[in-house]
Amino acid sequence: MARRAAFSSVAPMDRLTTNPEIETLPVTGRINRVSAQKSRPSIDELKQKAQVIRRHIVRMTTEAGSGHPSSSMSAVEVVTALHFGGFMNYDPKRPDWNERDRFILSKGHACPVLYAAMAEAGYFSTDELLTLRKLGSPLEGHPNMRRLPGIEASTGSLGQGLSLGVGHALACRLDKLPSRVFVMLGDGEMGEGQVWEAIASAHKYRLNNLIAIIDQNGYQQTGATKEVLDLTPFDKKVESFGWHAQTIAGNDMAAVVEALDKATSNDAGPSLIVSQTKKGYGILPVLEEEGDLNYHGKPLPPELAKKALALLS
Amino acid sequence: MAVEAGKRKLGQATRDAFGDALERLGASRPEVVTVDGDVGNSTRTEKFAKAFPDRAFNVGIAESNMVGVAAGLAAAGKTPVAASFACFLMCNAYDQIRMSVAFPGMNVKLVGSHAGISIGEDGPSQMGIEDVALACSLPGVVVIVPADAASTEAATAAMLDHDGPVYLRLGRAKVPVIYENGCENFEIGKAIRLRDGNDATIIANGLMVSVALDAADELAAAGVNVRVLDMHTAKPIDEDAIVAAAKETGRIVVAEEHLAAGGLGSLVAQVVTRTRPVPMEYVNVGDRYAESGDPEGLLRKYGLTSAAIVAAIRKLEDEG
Amino acid sequence: MARRAAFSSVAPMDRLTTNPEIETLPVTGRINRVSAQKSRPSIDELKQKAQVIRRHIVRMTTEAGSGHPSSSMSAVEVVTALHFGGFMNYDPKRPDWNERDRFILSKGHACPVLYAAMAEAGYFSTDELLTLRKLGSPLEGHPNMRRLPGIEASTGSLGQGLSLGVGHALACRLDKLPSRVFVMLGDGEMGEGQVWEAIASAHKYRLNNLIAIIDQNGYQQTGATKEVLDLTPFDKKVESFGWHAQTIAGNDMAAVVEALDKATSNDAGPSLIVSQTKKGYGILPVLEEEGDLNYHGKPLPPELAKKALALLS
Amino acid sequence: MAVEAGKRKLGQATRDAFGDALERLGASRPEVVTVDGDVGNSTRTEKFAKAFPDRAFNVGIAESNMVGVAAGLAAAGKTPVAASFACFLMCNAYDQIRMSVAFPGMNVKLVGSHAGISIGEDGPSQMGIEDVALACSLPGVVVIVPADAASTEAATAAMLDHDGPVYLRLGRAKVPVIYENGCENFEIGKAIRLRDGNDATIIANGLMVSVALDAADELAAAGVNVRVLDMHTAKPIDEDAIVAAAKETGRIVVAEEHLAAGGLGSLVAQVVTRTRPVPMEYVNVGDRYAESGDPEGLLRKYGLTSAAIVAAIRKLEDEG
């Protein structure tokens, strides 16, 4: 395919130094896609990074006193693999570099996972994570692209991210850019009709530079998705709209990496990864003890955060 | 989660008062049903849903369908309460409200919680600050913005009694008690005069009613006697109360937790200019989106304070 | 199923006399569903009624000088079968009779076909058809339930009718009414996300009193649906959302009657009929001559209307 | 399909002028793209699409996605024009405009055709009569309502030049020519004084500008000299022109093809009451949906006539 052949961008290595913490792990987002197979960090290294991100999520939401840690936790493996597993080209010093790959967090309430990944990637210092949701901080309760460079979309009203991704993907094609567009959606969010409009239009334009990931953590705000609005199996539905689809164990880093490999080598059109996860993955024993496996939209109180951090160390 | 109470006792959030009232009123009104969009635990329709599970429908995160389903239930004789965050209800389902509810005059009760910037940390995507403008742009829809728990309870009953579409705007945060002994004289379209005075009038709704009372207290201490109207119904607006205020006090400040455009201020201004032109000032969010932060800090930063109201009155005094 | 057993309403026969024209054909909408098989008019009789309705459509839109005849034409067999083939119980004298079956024309711009059927059924005189779209007439350019009794939904903004149908179906279930709800959608209209939200919710509630019909006439406003937004095959997609679905030749009266029989005897949940039709069916030679097989949103000029009426006599 | 031309020559519909201008301007602006929702032949983006097929996207009948796709294109550096009927664009995609366009300040050009009741026979479901209120409730969005072909052409260029979101409101019907020699001094946010006078001011936009001129002619014949402002930009509104009108003419009538709530009238009223309170009257659709009918008949029935404007001026005169 033309867009693959046209690919040639290699991110400069000096960006590695932006964030001191980042040097603790040899996992970066700046690996040439073409050579990703060779230079990719090991699954264990990615898992370590995921653990670091999980700790950030617990700390920042507990410090904020509000937010969505469980919604963030389920998405950690995918966000980590994307940003540090060699699947995305980006430059924290040039967030508007037009050859960058784009990540849109349509389930914007899970932004702690994205902020943590961005801090680890060097967009800003990890200290800033603790300003989450505080007046004046660009780390708002939902992503605000106007205030935080590197954020690709201002989300928070569910259902809108995939349409934005279609727009980005069309623009990249028009400009003959090698960029890929990744959009992460919630399984509850799939109830929004706009998502299905976007799915249909992505197929119309055979957007092979667009990859959607559904974080199927089994819960939405008021309960289990299978009780509130059951749209499983997602793969069958989205396939019926002309997409390529795969279903994976989304909290298994190796499975995530394999799925992203497959999705990024599908040139026929848009590709979906149904990432079957657990909401709150990584701190499940704490949530179990609390008797709430959804634990939607609330931070861990300090004493539970302590327990959680112990689990994550 | 609470906002400045001034001298008043902090009471329930209006969404909580609504949730309690709906459950209570639902018992004797078998035609009442709820249609939720996966936020019943936020809007507090959850209480009704737990009490009357057969009459509660949660269609998931799909506000357009939520409103359409409610309209269909209304067409078939039910009295559906369709509830979500104010912004998702009004913004995400506006065309469905226009065509499936307002145009055919369906008896749907639209309830929007989490209105205003006082929701705090969740930030602008979850804040309904244009919802009153949108609701007032729907011919035939009654728009109610109650100030405290007691008036919300009364508004909920009035809403269910009213034959036709209603929008009820609710807040997330606990708010000061305005009506200590209940709000029995609540009537759709009739402002409540909370404070007498002839030097100026503050017309407010929602959260800003208690802030207006604080401002009036402060001004009273300085010898300025300000009338305070709880204009709980934005539509139909109480023209008589506005005309009387213009005539008798000569100056009007409108205070609301909303954008400048299309809100209560714009409705009052049209009445004033048509009937008795007097100088006015506006205390509102202006023409901007807010941000994440603690509710009190946000209200201060975005100028929704008694100090801002006092300054507005002073400005009108200085001008003549 | 309970709702079937509960059925007992038989429409009184005296309603036959409401409209003089109606007596010319022994086709009525007031046949007890339970005995529909026996008393149903013949396919030929229904075809004759369809022809009458087609003539009304041509006349009223040409007289109005605007409107959507081609969008109406494709839907004639389904609307005719529903109203006169014994599939719907209704009483033109009591449009709010709560045991009535309900027909919602979600593709509201095709209202000429519905107005014509309603006039034929006796809701109002056929003379009124010629007031279509004129100032003061309740026969507006899109259906207005507030002004025209018998209209179940005010439509015209595409995508909204199925949600209304879900609401009706839920209410009928709550009230233990035997009523069925039929909703007709356009194939272009299926692009609206709200339709997919409604599809999902109808499955959630296993609404076996809800039947949707997609008038797959192959065109939308700006061209062929397969070029603008191709959502075919509809049956596969909607089946993947848990519905029963069948695909039929929608301008073949016998096929329509058979499909409605099947759909109304499916008790498991909501049922879809993909009605493959031709836009402008009945006057295709005229449209072919004009070189416009979509002929969207415009009436036939008087001279073409004459030709069309000749074809329809 | 045409509306009363008064003494003026009937010109193009504003949607046609837009379609022509977009095609022309698109040639030299490779970053401009269109996103349509299956009504390009109605909005007239069709011309651009035929000239530049690679830059034209038709996503089908899906306005929410249309706006979202446009926002994504803008985020990636394009200048997308997202067009539909005013009501479907603004009402059916409002939350997408709020969150994906206005809040992040995306450079999306929103174009709504078929605004107002003058679309005629298709009826209320297709009439955008709340679109200006909705658009003005979007912080940071410029709102333009041109009166004729020449000003639409100028507005289209100004819209594309402006860096940020814009809403352009267009009509379906042919309208009288206001700017016979083009509208070169068109500037966003600056009203154009079409007629001088100090007895009263008519502030109008869109279709109602020519009606306002007719009214002014009629009044002039009776010795009443009325100022006429083409307030083509509803937001940001030209406060200076309004203040001057209030000061110098003492009476203001606002005429628009829109609901009373949230439209141009409400914006002017807020400025007037804040700066120079004077008596005002409003000529608009009121608080009701219209119906199907011929455009001229509808404009008469719903009071959008020069006679209504004259009556409004007379009323203000009588009152003082």
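Letters A, B, C and D mark the chains as written, and numbering starts fresh at 1 in each.
Just so it is clear, contacts are C-beta pairs under 8 Å (C-beta built on N, C-alpha and C of every residue); 3 or more make two chains touch, one makes a residue touch a chain.
Owing to the predicted nature of the structure, the values given are computational and were not obtained by experimental measurement.
Of all the chains, the one whose CA centre sits at the greatest distance from that of chain C is A. Separation between the centroids of chain B and chain D, computed from CA atoms only, is 30 Å. Separating the CA-averaged centres of chain A and chain D is a span of 41 Å. If each chain is reduced to the centroid of its CA atoms, chain A and chain B end up 37 Å from each other. In chain A, the positions touching at least two other chains are 144, 154-157, 159, 191-194, 197, 200-201, 204, 229. Multi-chain contact residues, meaning those touching two or more other chains, occur in chain B at positions 59-60, 62, 64-65, 87-88, 91-92, 95, 98-99, 103, 124-125. Chain contacts in this assembly form a complete graph, since each chain touches every other chain.
Chain B contributes residues 33, 35, 54-55, 57, 59-60, 62, 64-65, 67-78, 80, 95-96, 98-100, 103-105 to its touches with chain C in the complex.
Residues of chain A touching chain D in their complex: 98, 144-146, 152-157, 159-160, 162-172, 174-175, 193-194, 197-198, 200-201, 204-205. Chain A meets chain B in the complex at residues 64-67, 108, 133-137, 140-142, 144, 147, 154-159, 188-189, 191-193, 220-222, 228-229.
By the touch criterion stated above, chain C contacts chain A in their complex at residues 191-197, 200-201, 204, 229-231, 236-237, 240-241.
If you check the complex, the residues on chain B that touch chain D are 87-88, 91-92, 94-95, 98-99, 102-103, 124-125, 130, 133-134, 136-140, 235, 252, 259-262, 265-267, 269-270, 272-274, 277-282, 287-289.
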